[in-house]
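First, the structure itself, so that you have it in front of you.
Chain lettering (A, B, C and D) follows the sequence in which the chains are written, and residue indices restart at 1 in each chain.
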């Protein structure tokens, strides 16, 4: 039995303590936990626990679970986990490992994904994305349902328990737009297909005369292929993504970070020179990266640059585990599409229409959370979203991770993130 | 003034001494050197130098240059470098840094590339590929000519000297097939265009009915786009390359390496299931990787798999800096195309015809070295090519680097290579 | 403001967490603590705290104090420290540092020393021994009294509070026998003088014809000088202590440890050959080291070896911070003096008579704890003394620290001690 | 077969390359070498070798031997070692290890010691001092003679060859005064006895009324015992040497180094207060440490401080492996004894009379080098002694090693010494 966790690594030993999985030793044994998502009542719970005498070792919201387990009076031991989770609000897909049990929990809204697979030897595996199952030759069995607790042990196999179920799940639409690897099946849908269709919709609803379709790699590639196929225009590798990038971000200075962006994306002049270019990206957050990409393409000789975004405009900050900046910093919250186009400097700009997205999802549409597009939050965040040192994950080129990759990272917002090694590191969280 | 070198990193501190640049301290000052290529008379030179009393610190062929400088009687100091280089045979693009000069040297055949650029502040820059110039905003000026020595200092700027010029250059064709980044201009030609044309030729000369064209990423992508465009069949991301891979190879055991290959390439079932698939790769070395890729695609549901290789069959080992296995290990040296097809398990297989390649290069064709395709060596290797511990860089899945990336790495064969971090690390050598 | 702690270092990062000072973050700020001594009700307190939901991070008894502070309802903050200490039983000299205060506490029996000094700039300093004050040019002011709490801050200077005072202190006699550096003043007495007198008493009460007096360095030197002076026999350096020793103990194997003992003490043949030798040591614990020392001296040619021990026989294990083995392992608990002499192989053996020791201490005699000599414990240990992995600190040559240095180390018994670097490291604890 | 070397460790990885043993790989195998002593013709040899094309990796004089071996035409291989050594001038006790032989060489003057021992299993061992043999239970057999080469291998056992023998050896007197451990036999004499006699001579020739005799530990202890015995005055531990010291010197700043000196020697007030004190040290170099020691003793209450030095005044710098400062910096070269006494601040000062030293050595007297006392050099140093960064090993408290330990360290002067871990580390060189 083992659990693991992939997140943005933090620099310096002082922050090492924030690295999951977290482990706590109790009188009756040890428990480890890994958490994907973000709790909205963390501060309230922590204050209550500290009043009772609990001592916190980290600044991560995940630690409250370990203390809630410690004060729980439930028996047997694994029921303490259930007891603890019932007090949590917000987004949490969690796996626990005890001395003899593996426990997987998904919050009642099912904000973040969590799937169960099985290896040929019978071993049960939980993961955020199905692509992790493929790698270890486990067969995808089913999703952990929203509000479900699965307890696995040698004696009884897999048992299902219920937390507080909710009538309507609210699954994160951003998994399909940016987070998940394209070869994953998330919330029962192929991510590759979703993105290809996003591109096709853009080609249909925002057509433009052009010579070549290119992508902002890697997250824009599948939508760009969809656009090119629908538009009947050749797709080319107009921007090459360097594999050196992550390392650059270890360097702290602005100058080196600017160089990092250059390293990250190199234009191919032969593809772009003298052409009318459609460039497809997954989303726009602050808008600064997009503007630099447009400049890069124009400097390589492009005659026209038309930007197509495979998601609706983002107007609201996320409280459920996507590390968006505050609403004021979101460019779509401040500007009209035409103003954004002007800011970015492209010749035309179009977003995926929100209603087309919902129409495409059809009967599943109600099961998704669109808070970042609509501002309507399924679970109201009771605590103020505080801007912290670590919250520099955005689409600006001045942050350690920029929206060339969409600018979104998974993971608890409460963590002090100081750098990140590789953008794909956080693609598969548990 | 500074020089650097990108190579496969070696494991263990004992091998750290083989990491370039090498530096030697002389009575009159220190000299550093970085070397791309491979000397064919290294053993002879080393024996001669050791007889004279030189003590070698590394097992790299590059070190002989430092000793040749030490025993040279030429004056002033930088002429010792010229004196030393005149004794070398084989492939060498080298940069030296002395107390006050930067010296760039390219062997008379010009096997390996070497370009000169200039920054807006006047700084002179040398690099293997033009993409390195782009990154630091230096403008490409020209190639260092075969047999040319360029000496740069503050006082006299750039001066050109001549080694022994050769009537006909023999530039490595493999730079266009595999090594160089597609956004580079190498030997005066766009690498992106070369590869796109390779794909187009394959579509014309080895057409097949199919539903989708995919690439073995990253080195097969541009040729696959060329194939798809010419064939009028959609290109899709059927194999996704993971960014975790390099690290896996640090692990020594076979079991973990097998897992590494799985991590490296993930099939996208939605793209492949039930389809007739053309998969384009840059080359085949031992053939073992290709066979695993075909299996991977078939397991994802492909009805047919047609492999197209964007280079002619490789029948000869390279002595000029490409780390090919010995001739006996090359599958094209032992089998016919039909036998290889059977071994690999694909439904059809075609290579880029050698004469089509030469025809495409037109008047430049004579300026290239095709020894690996023809077995005709421009400079005869006088020393036996010894199989060493480090020579495990091949296309087999059982080596630390496999031909998913083409199986070729740059760099002096004499180096004890124990692992490599990332295949792209050696793309830009100096 | 700062606190520090000197203890036996532990091997491996896993045990790093047991290294003091410990720090805890509370809602109202952080507190650090360093502890000299050993609690006898640690297990009871820990069980109570864990029932309440506290999560322990270490296996050290010191951590209970941090949790007792967390659950205390006392205000202001520093009164929580007093509140917590009132629940402790056993030996504790502790220093705490909060955001704005330094707090020093000594248990009601005053088992372990704790002194206060002042630098010329007015800075207040606490330490276990006065020699630490000398080093930083602080002037010794007074002892922290048994049961006293001293609170130091910028606003109010030094304030004295009371815990539960006890009519009669029970100060550890072993500080004078082994622990303290000879240049310290401990419990108001010069350690050098105490040891010199111990040697003089031995010369008076257990005289023997001899040619030379030598010491087991370093802890037996002062008593040996006292013996030699009283006996009128020359003192010589018959055993030389190597400074390499500590490091040797990092090596785990028995073979290397044996070599370590040889390295530690080297005989001087010129001093010992053909002589009747008196060798003075501070104490005997298990007896194995003493027997090896006698053999070492005889192999260097000594005609007779007379061992004189500057403490009474140890028959009881310590529960207050001296890491003695269990009673069954103490040689004086199992054998008569004559049996010990035979086991050790010396020609005569004498211990410091218990009543002479008490007589010498005169009116102060009642203020000392003699539990290890008498078996009478001032505070009854309620919990079983469990033999743990770390408890290998003894006088055997097969342990990482042997009684060449007296075999005693300070510090909480509950700590998993895996090695120790240098015997003097634990001489000055806080 | 193995060789090792103990020297002052150097800080920083850049200087790691200067750490012995040095190893060189030749065509016919590898050779390792460790060297005690200092060559006086190093610069001449290095210039000659560099002219021939040798590339030096270190700034140590020892490296010339490896290059001389490389250019030697002698056969078989071990005769190259003899050939190389014949070109050396100055002090060298060296051990070499080849693929199948151990070779020990001592220069014709025998400046530095080198002894041979044998273990019970027949293994032959070479070492600087006999105490190293004791530690590994090897029996001392004999000295390696001045000018002798001993070759040990499995087939032929031990063979003796001759370099250029010299009629009169010139063994370093400083081995008996400071370097060697007291339990060693060096140049056939017991070091302990030499030092005890030095102290007795001082008591006879420079008597003074006093209450107590103390030593500057550790190197002054035996002479102090000799003084006390002869004078009939009690010896006491008036200064205690801390074991923390070495580590302090890792810290670079002056402030921390001053604290280091304080840590190193702690006065025992009870021994010194109100007393007339004789303090015995082994030597005086620059005089600054002595002055601080006198101040330390007076501040602890001493009424009078009489300093007795167990060596004659040092007036000349050493060229044979003792790292003395230049003649101008030697206090005895600039001042009379009375001036030194005044500078140091003691009430009386006496050195060991040079003629008494010679008389005591009797018939062996001619076999010693006294250049540092007389200025008469057996081998004239042809090269200027250059003051280098590393040459801060002196008796001042402002250097990383001060003469509390005599201020002398063994080892090649050419090495860049940046710190030293523990004064005893260099006591046994090979």
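Note that in this section contacts are C-beta pairs under 8 Å (C-beta built on N, C-alpha and C of every residue); 3 or more make two chains touch, one makes a residue touch a chain.
From a predicted model like this one, the values you see are computed outputs, not experimental measurements.
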Listed pair (A-C, B-D or C-D) duplicating the A-B contact set, over half by residue number: C-D
C-D or B-D, whichever has more C-beta pairs in contact: C-D
Separation of chain B from chain C, taking each centre as the mean of its C-alpha atoms, in whole Å: 66
Whole-Å gap separating chain B and chain D, where each centre is the average of the chain's CA atoms: 56
Distance between chain centroids, defined by C-alpha means - chain C, chain D (Å): 37
Residues on chain B engaged by chain D in the complex (per definition of touch): 24-27, 47, 49-57, 66-67, 70-71
Residue ranges of chain D in contact with chain C within the complex: 131, 134-136, 181-183, 190, 192-193, 221-222, 225, 229, 234-237, 240, 242-244, 259, 262-263, 266-271, 422-424
